[in-house]
Amino acid sequence: MRDKLPLGLLILMGVLGLTSRFIPHPVGEGMNAYLRDTLLRIISAFALILGLGNLLLRHTHKLEHKEPGWPHSIALIAGFVVTAVIGLLGGVSGEGPLPTAIGSFKFDITTIYNRVLIPLGATMFSLLAFYMASAAYRSFRAKSWLAALLLISAFVVMLGQVPLGGQISPIIPQISQWIMEVPNTAAKRGIELGITLGVLATTLKILAGIERSWLGSSK
Amino acid sequence: MRSMLICCVLLLVGPAWLAANAQSPDAAGVPPPLPFTAPTQVVAKDTPSDGGHAITIEWAAVPGVDHYRIERQGEDGDFAEVTTAGRLETSAEDSGVENDIPYRYRVVAVGPAGEEGVSSETAPAMSGPQWFNLELLGVAIAIVAFVALVSWYIRRARRGDDLFVRRIAGLEAVDEAVGRATEMGRSVLYIPGTGYISDIGTIASLNLLSEIAKRTAEYGTPINVPNRDPVVFTVAREVVKGAYAAAGRPDAFNPESVYFVVENGLAYAAAVSGIMVREKPATNFLMGPFYAESLILAETGAMTGAIQIAGTDSTSQLPFFIVACDYTLIGEELYAASAYLSREPLMLGALKGQDMGKLFFMVLLTVGTLLALATGLDVRWILSTSGY
Amino acid sequence: MTLGDTIWIWIGALLTFAMLSFLYKDNPLYRFGEHLFVGVSNGWSLAFMYSRVIKPVMIQPFGEACRIAGHEGLKPELFNPVAHANFLVIIPGLIGCLYFTRFITGMTWLVRIPIGIFMGYYAGLAVPATFEGSVFPQMKDTIITRGYFAGTPTGSLWAGICALIILVGVLGTLTYFYFSKEHKGPLQWGSRVGIVFVMIGFGASFGFTVMARVSLAIGRFAFLLHDWLRVIS
Amino acid sequence: MNWAKLTQIDRRIIFITVGLAILIPLIFPIRMPVGTQRVTKHLFQAVEEIDPQEQVLLLSCDYAPQTEAENQPMTVAVLRHCFARRLPVLINALYVEGAPLLDLAMHQVMDEFNAHAKANADSILYGRDVVYLGWQPPPIVPILSMGRSIKGIYPVDYYLTPMDSLPLMTGVHNYDQVGLVLAITPLASPLWYVMYARTKFGVKVGAGCTAVCAPDFYPYCRSGQLLGMMAGMKGAAEYEELVENEYHPGGRRRATEGMASQSAAHLLMMFFVIIGNIAYFSTRRKS
């Protein structure tokens, strides 16, 4: 029961999804439109709760047991609660009953998003530029002729991508463009075709009910 | 009788002659509109492979035409325009019809000066919905063939047939790498990717983990498995436990060796880098799907001097593994490696099915090109679908 | 610029520095920013999802149906799943609520029901789409016809040669990832050609990724200089 | 020279040099010609070819703040292009965390145009020239369902205005009225449109993507499944220049601004790889 019911539903939905593209009849179209627009949309909205619940549970647990780094959990929970309350009561575009400004100081959810989320998220990823440089210096090595080939191709493309390359010689951007459009296209197409087959095989195994790792157990 | 006939002719021709003469001063220098060839072979039929409410009208091209006007007969018997088509087109669709009602059409060829040639009207046509999209027959056949191929090989693998998988460079090094850790008295670090349980890369990685954990169990080398995803973590722990039991050393399994770190990718990379620097594992395995933070892991590992064996199907991270690690399983090699080591029929069978798919691709590409270049025959229509 | 804006820009700048401090070393300030990011982004997602999806797609149609039923009694249209106001929208909602069982001991298995429905439909949709939208057209584009060499506006000797190189590259790459035969003889040559293409392709990815990462750092520095310090305009 | 010692240098020194390589060209800008790649030109051409009287452009975005620096200039450049041509635009978000960024971009470009508009006809009006459809999950649902009815899946816009009250939406029903879907992404959404919408509804697709995923999209540009692409910040800069040269809308061109820093940082990266490898080979030879 615990495995069979979800598995049965998965197979049923899989068959409906797979056949939907082949059936132009309005009966099929209408049913699929309902499945997508109502059923899947609502279920996927609730899916957020799963991740959110996991997150909040873990951090409240951390707080209760004063695990290492517990003060940070306060920042997480407070950030969540404040934003959610302002968003739910103040409204996403200021349509709610909660006032979202004191004088010129606005604290509606869009402002919080623009002023807090953007700096944090964008900076977090910008760190990678620095790590890239340090890795370039300390660990990107032409250990084999293949790795050397990779680095040479990378150099040409890097030069071709920046205006400086065109200043050195107008032929550099052209070679770089050719690498992207010809050898790169060939390699990516080959890899993609192979990986696509791998993904298709796995998808079909899942739909046939023989690949069950998604049920969350090791077997 | 004869006079009546003459009267009739005069009555008919007279006004026409007068009219023609009356027009001629205005149209001086411009030749009068020529009678224009009417479109022939006009056929109306239900648009195939659709959901109904559409009729397709086809005709033979008329030379020198400017455009075509497609007209439908209304209930009053008169024809009215429903759509137009450019001069190069020989078919059009009327998508404003009711199902199961017969409609007649005619096509008017319009010349550059507005001259018209009106076709005869078609036999009545009715639209209706279809249950199968015939344009996708090729796709349907491909799916069925692929399913058949994979299930055939899975069955063979389950029956115990010896299915050959070639050796994979990075895998040869696994035993050596685990052995080296044992000699040095250090641990083995296994990172099962930073993806989710639903990723194929994670599934492949967990299969590999099982095999590598069996080896560490045999050698008595400690293994360290930090996880980024809580669900992957619970499965990974089961996997390692099972591997120790299978190797006959269930007592040697340390539940603390498989643990959850943190969900945020960068924070995970920072924490695992810390482990690498502090504990200096002799061998690092980085297997599974990776995201941007892979770079930090690979770099730190390279700095600590550990042997690094990486494998991922995340193509954008592969370049960094190739230049920073000692061995790298590229893309599908990761899937193949887990099938190769585990000999698990499901994985082996699927791998074989995929291989046959690739073989088919290669044959189709070669034969198709040779045929096209040698005979001028365009074989690409086999691969045509509705959109392309 | 109002005082409110100025305050927020300073907050943005401070948060930027908090995150950048990770470069010095992993520290509590960075950890604070990271946790704040996860908290705020989840708060935003929850609020937005509720007001733009749950409320208009589920709660409002259900409420409307209740209102109509209160005025006019239970009519059959209220059970028509595609009508705007209907009681049946509650079913997907209830299925969605099964996600909560993940946190209830003894009932955790129920969470597999929405996951199964969701995964099944997606997996099913993906199979024909992958063949139709990726495998078929990509294969079709790799086969060379005489038109590549001449006869079409895009055809030329050079275009034909490039198409040939692509064909060889695709064949080589597929050979490299062919596992059912030991790579000896022609197969070895094929796979060698393949790995050369693969490495050039990864080199291209490498170069592009450098640009991507640098772009993000440029974006942050430009914010500091433009919005905060107003050094550049 | 002691190469071995050189590789042990504190990584913070490397971080500082990278920081300076990016910072200095930003403060003292040097303008260098950007050049135009074929894929970018094709995308520009595809947008040019849409008839504003008949069809609209659908700008579909799924980026979050993390890749804002790469993707946002693309959105801004495309909006400038459309507004300059008076080509109506629909915007939708496929990812919840990125939704307000599009609101930001839209208002920025609207303000730019309306600042020197003299009459109502010159202005860019919300609802007449542009509509922000909002966000509906999961991505596949709007991608497929917009083929049936855009209003069906977006009954209200981002600001909760009912679709029926927006004049632009009276003539736009489904993909038949969409001349091009331009998907701007750090992931693979252009391919989702190619696989699900282009196949079934025949709508044309173009891409604007981060440089990380761009190399994977070239096969699709070649096969014509993607009409064109902006590849990373360079692609965005190229598009900014194309729009500026053709229509002169003005405004801040963030991607072009960054290209000098890109040059310096790329040079530095290459320098690091070369030095690192020299050190590696010389120490390896010794041992």
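To keep things simple, chains are lettered A, B, C and D as they appear, and every chain counts its residues starting from 1.
Just so we're on the same page, a contact is a pair of C-beta atoms (placed from the backbone, for glycine too) under 8 Å apart; a residue touches a chain by one contact, two chains touch by 3 or more.
All values reported here derive from a predicted model rather than from experimental measurement.
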Reaching chain D from chain A through chains that touch each other, fewest steps: 1
So if I look at the partners of chain B and the partners of chain D, which chains show up in both lists? A, C
Give the identifier of the chain nearest to the protein's overall CA centre, each chain being represented by its own CA mean. C
Highest-count interface - the chain pair sharing the most C-beta contacts: A-C
How big is the gap, in whole Å, between where the Cα atoms of chain B centre and where those of chain C centre? 16
Expressed in whole Å, how far the mean CA point of chain A lies from that of chain C is 5
Using mean CA coordinates as chain centres, what's the gap between chain A and chain B in Å? 20
Shared-contact residues (touching 2 or more other chains) in chain A: 18, 21-22, 29, 36, 40-41, 44-45, 54-55, 113-114, 117-122, 124-130, 132, 134, 138-142, 146-147, 150-151, 154-155, 158, 161-162, 180-181, 184-185, 188-189, 191-194, 199-200, 204, 214, 216
Enumerate the residues of chain B that touch no fewer than two other chains. 136, 139-140, 143, 198, 263, 266, 292, 315-316, 319-320, 322-323, 331-332, 358, 361, 385-388
Per-residue multi-chain contacts in chain C, two or more chains: 22-23, 31, 34, 38, 41, 44-45, 48-49, 51-53, 119, 122, 125, 127-135, 137-140, 142, 166-167, 170-171, 174, 177, 198-199, 201-206, 208-211, 213-214, 216-217, 219-220
If you connect every pair of chains that touch, what shape comes out? Choose line, ring, star, complete or other. complete
Any idea which chain D residues touch chain C in the complex? 12, 15, 18-19, 22-23, 26-27, 29, 66-70, 96-97, 99, 134-137, 140, 144, 155-156, 160, 191, 194-196, 198-199, 210-212, 214-216, 219-220, 222-225, 231-234, 254, 257-258, 261-262, 265-266, 269
Which of the residues in chain C end up touching chain A in this complex? 2-5, 7-9, 11-13, 15-16, 19-20, 22-23, 28, 31-54, 57-58, 81-82, 89, 92-93, 95-97, 99-100, 102-103, 109, 111-132, 134-135, 138-139, 142, 162, 165-174, 176-177, 194-211, 213-214, 216-217, 219-220, 223
Residues of chain A defined as touching chain D within the complex: 21, 29, 33, 36-37, 40-41, 44-45, 93, 95, 110, 113-114, 117-122, 124-126, 129-130, 132-134, 136-142, 151, 155, 158-159, 161-164, 166-167, 173, 177, 180-181, 184-185, 188-189, 192
Sites on chain C touched by chain B in the complex: 22, 26, 31, 34, 38, 119, 127-128, 131-133, 135-137, 139-140, 142-147, 167, 170-171, 174-175, 177-183, 198-199, 202-203, 205-206, 209, 213
State the interface residues of chain B toward chain C in the complex, per the touch definition above. 136, 138-140, 142-143, 163-168, 198, 263-264, 266-267, 270, 274, 292, 315-316, 318-320, 322-323, 330-333, 336, 340, 351-352, 355-356, 358-359, 361-362, 364-366, 368-369, 372-373, 376, 378-380, 383-388
